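Structures for review follow.
Look for chain A in each of the two complexes below; its partner is chain B in the first and chain C in the second.
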Partner chain A sequence: MIQTLTTPDGLVGIIFLFMVVVTLIGGLVASASERLVRAVIGLVISFVGVAGLYYFLNSPFIAMMQVLIYVGAVAVAISFAIMLAAPEEKKKFSPTNPLTGPLGLISAALLTSGLITIALKTTWPIMPKVNNGSVKIIGIQLLTNHSMVFELISIVLLIAILGALVIARGGREH
Partner chain B sequence: MPLLTLHNSLVTYLVVGALLFGMGVYGMVTRRTLIGMLIAAELLLAGASINFMAFNRFTAPDPAFGQIFTLFIMAIAAAEAAIGLSIIVAFYRHYKSIDTDDAVQLKG
Partner chain C sequence: MTLTFLNIFIAVVIAIAFVAANAAYLVWCERKGAGFIQRRPGPTENGLWGLLQPPVDGIKLMTKQLMIPGGVDKIVFIIAPVLAMFPTIISFVTIPFSDQIVAHNMNIGLLMIFVFGSMSAMALLMAGWSSRNKFAMISSVRAVSQAVAYEIPMLVTTITVVMIAGSMDLMEIVHKQGGGFWHWNIWPLQNGLFNVLMPFSFLIFFICSLAETNRAPFDLGEAESELVAGYHTEYSSMGFGLFFMGEYANIVIGACLTTILFLGGWDCPFGLFPGVWWFLLKIYFLIFTFIWIRWTFPRTTIYSLLNLSWKVLIPISLFNLLLTAGLLKVF
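So, the complex of A and B:
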């Protein structure tokens, strides 16, 4: 047992299990904690774990993008919004429906168990690979097969930036 | 020792993705604030991305497709977060609150 743990393969397995645990604990904190700041921290932890999973899926490039975009940009933007919109911690919410929590739990559990059942019951076909999915091939495909989507996504990002500026700026004068 | 070779099976990733998706659904249903719902939406997208990447690694013939799709999901998620957060900030200026119960002015 100890000998299998100290081999390189055993260490890889341990790191993978650690990443899975980090992802799930971060997700739990993000979805169930009372305070929003803690939820953002949980989201960051979960995203770091997801980046580790991407690394195990042979895509270090996507893992790096996950850390750069999600941890570096989206989480910081959300924490800025929390600071700008300072939700009062003590604010009295209108009385919540007592069924919301259990019903949310039941619907989430049904969806999750359904997805897991499908994943376990299906035999997934394994196809032979036609290339190795390196960054070079991703770049070539982005500019040949997927060039239309590539251009569209840049327009979407541009419009999103402009729209965010316009929406957030309006009403500042008065 | 099967626990240490889990990273070579497709089902592990699918289960993790499903669990993240379930947490996102739970957060989406139970959160009372707009920012909390945005965080839950990010969890949903992360679960979907894990599924794409897992199928990309294990079953798809061209392993570049899934990575490109995940990149597009990230771009859309960034755009969604930018727009959503600016709407939340504008909403907060008007109502001094980010509670979803206050966003009922269009209610008949």
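So, the complex of A and C:
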């Protein structure tokens, strides 16, 4: 046991497992906590775990971007929304429909079992390394091979900004 | 294997020691500077010129009881000050003080500093929310909206510098500015470009680092005349101490970044006495400017603060970005 842990492969496995556990714990906190702001903090922990996985998979740039955008911007925006919408949040809320609990549980169980069977039955091919994950190569790829995706994302963001402006303007008199 | 672990350990210890020493003695500098500007002596009682004041203050803070008021969200309340302090310490790992003195140089070092810088907004939010105190809540909302607003012009001006240097490696950025005073990024002449907006870029970056570190005149987050003490109203003992040290550590980070991006890092002007002391001289000059501004400017209001960012700094920095891109394409 200890020998496998001290070999490079064993250590890599431990780091990978640690990141996975951090991600999962964050997810659990996010979905199970009663207070909304605590759920956001769980989400942040989960994001950091995912960033760790990216770093583990040798793409530090994506890992940094994950933290910068999701922890620094998205989580802060979500907390703002919570604070503006519900300053005195209720501690508990019961599901309005009695079917919500059991049905949700069943669908979640079905989805999980399906994913597990797919994951176990697939033979995972080991892909060759596409590039070294440096900023330069990612930039070139984004603006040449994947420029369509890049542009579409910017259009989605533009529409989101316009939508926010329309909603914000709607409440005003002038 | 053991050697690298030892190296990492030593680097981390030096980083923490540097942060703690700076945080402690910058408080002393701040009080002395405030005294000088307001024509009073500042701390004088403990040691020569009050130099023993910081360790005494530290002991006082550590021996006080850590009060956790009833009704606060305990876990978040305890995590918040740690989260305010820890990212700034990590940021020091990648800052190059000279050609040799750097704990771990990364090719995305600049990005890493911004990543850990963005975590402090989350810490303020957590502190303000978990305190269950209206002043703390208002303060944290203010501080975060300010941090978000000023992060944009800061990042845009940084992108300008990154485009000129062609790298996010802090070492590389400093090397690109090598060769004397007029090659630094603050001057319009660098690298054959004639970008007249560069001094303004420097100014924007400096203003943003003032705002990002919640310093006067932008310290709306802890406006003591309106909000008691802002997001750390409910914190006592070392919880407060960590926020306080985090603030000063952030000031040092801001000064280091400004020096590296615009003032040529450890590069010496006109070939005079090259060495690490140029870097230290530049950052301490900038920190002195931080203190100088704090005690000579009144606090702004939250609206003029946000307007300054969204209506003045962001357009200018975006224009400079376009101009730099165009100039780089032409020359």
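Going forward, the second predicted complex is superposed on the first by the 138 of 174 C-alpha atoms of A that agree within 3 Å, B and C clash if a C-alpha of one lies under 4 Å from a C-alpha of the other, contacts with A are read in each partner's own complex, and residues count from 1 in each chain.
The criterion applied here is as follows: contacts are C-beta pairs under 8 Å (C-beta built on N, C-alpha and C of every residue); 3 or more make two chains touch, one makes a residue touch a chain.
These numbers come from a predicted model, not from an experiment.
Novice: Check whether chain B or chain C contacts more residues of chain A in the superposed model.
Specialist: Partner touching more chain A residues in the overlay: B.
Novice: So, A:Met83: does it touch chain B (first), chain C (second), both, or neither?
Specialist: second
Novice: Is A:Phe61 in contact with chain B, with chain C, with both, or with neither (first, second, both, neither)?
Specialist: In the superposition, A:Phe61 touches chain B and chain C alike.
Novice: Once chain A of both complexes is superposed, is A:Ser147 in touch with chain B (first), chain C (second), both, or neither?
Specialist: Neither partner.
Novice: Would you check which partner chain A:Gly72 touches, where first means chain B only, second means chain C only, and both and neither mean what they say?
Specialist: In the superposition, A:Gly72 touches chain C alone.
Novice: With the two complexes superposed on chain A, say which partner A:Val44 touches: chain B (first), chain C (second), both, or neither.
Specialist: second
Novice: After superposition on the shared chain, which partner residues are touched by A:Leu36: those of chain B (first), chain C (second), both, or neither?
Specialist: first
Novice: Does any part of chain A touch chain B in one structure and chain C in the other, and if so which residues?
Specialist: On chain A, the overlap between the chain B and chain C contacts is residues 61, 65, 73, 80, 87.
Novice: Where on chain A does chain B make contact in their complex?
Specialist: Within the complex, chain A contacts chain B at residues 1, 4-5, 9-10, 12-14, 16-17, 20, 23-24, 27-28, 30-32, 36, 39-40, 43, 46-47, 50, 53-54, 56-59, 61-62, 65-66, 69-70, 73-74, 77-78, 80-82, 84-85, 87, 91, 93-94, 96, 100-101, 103-105, 107-109, 111-112, 115-116, 119-120, 124-133, 137-138, 141-142, 146, 149, 153, 156-157, 160-161, 163-165, 167-168, 170-172.
Novice: In the complex formed with chain C, which residues of chain A make contact?
Specialist: So the residues of chain A touching chain C come out as 35, 37-38, 41, 44, 60-61, 64-65, 67-68, 71-73, 75-76, 79-80, 83, 87, 134-135.
Novice: Where on chain B is chain A touching in the complex?
Specialist: 1, 3-7, 10-27, 29-30, 32-33, 35-36, 38-40, 42-43, 46, 49-50, 53-65, 67-68, 70-72, 74-83, 85-90, 92-94, 97-99, 101
Novice: Considering only the defined contacts, which chain C positions touch chain A in the complex?
Specialist: For this pair, the touching residues of chain C are 73, 75-76, 79, 106-108, 111-112, 114-115, 118-119, 121-122, 125-126, 129, 137, 141, 144-145, 148, 151, 168.
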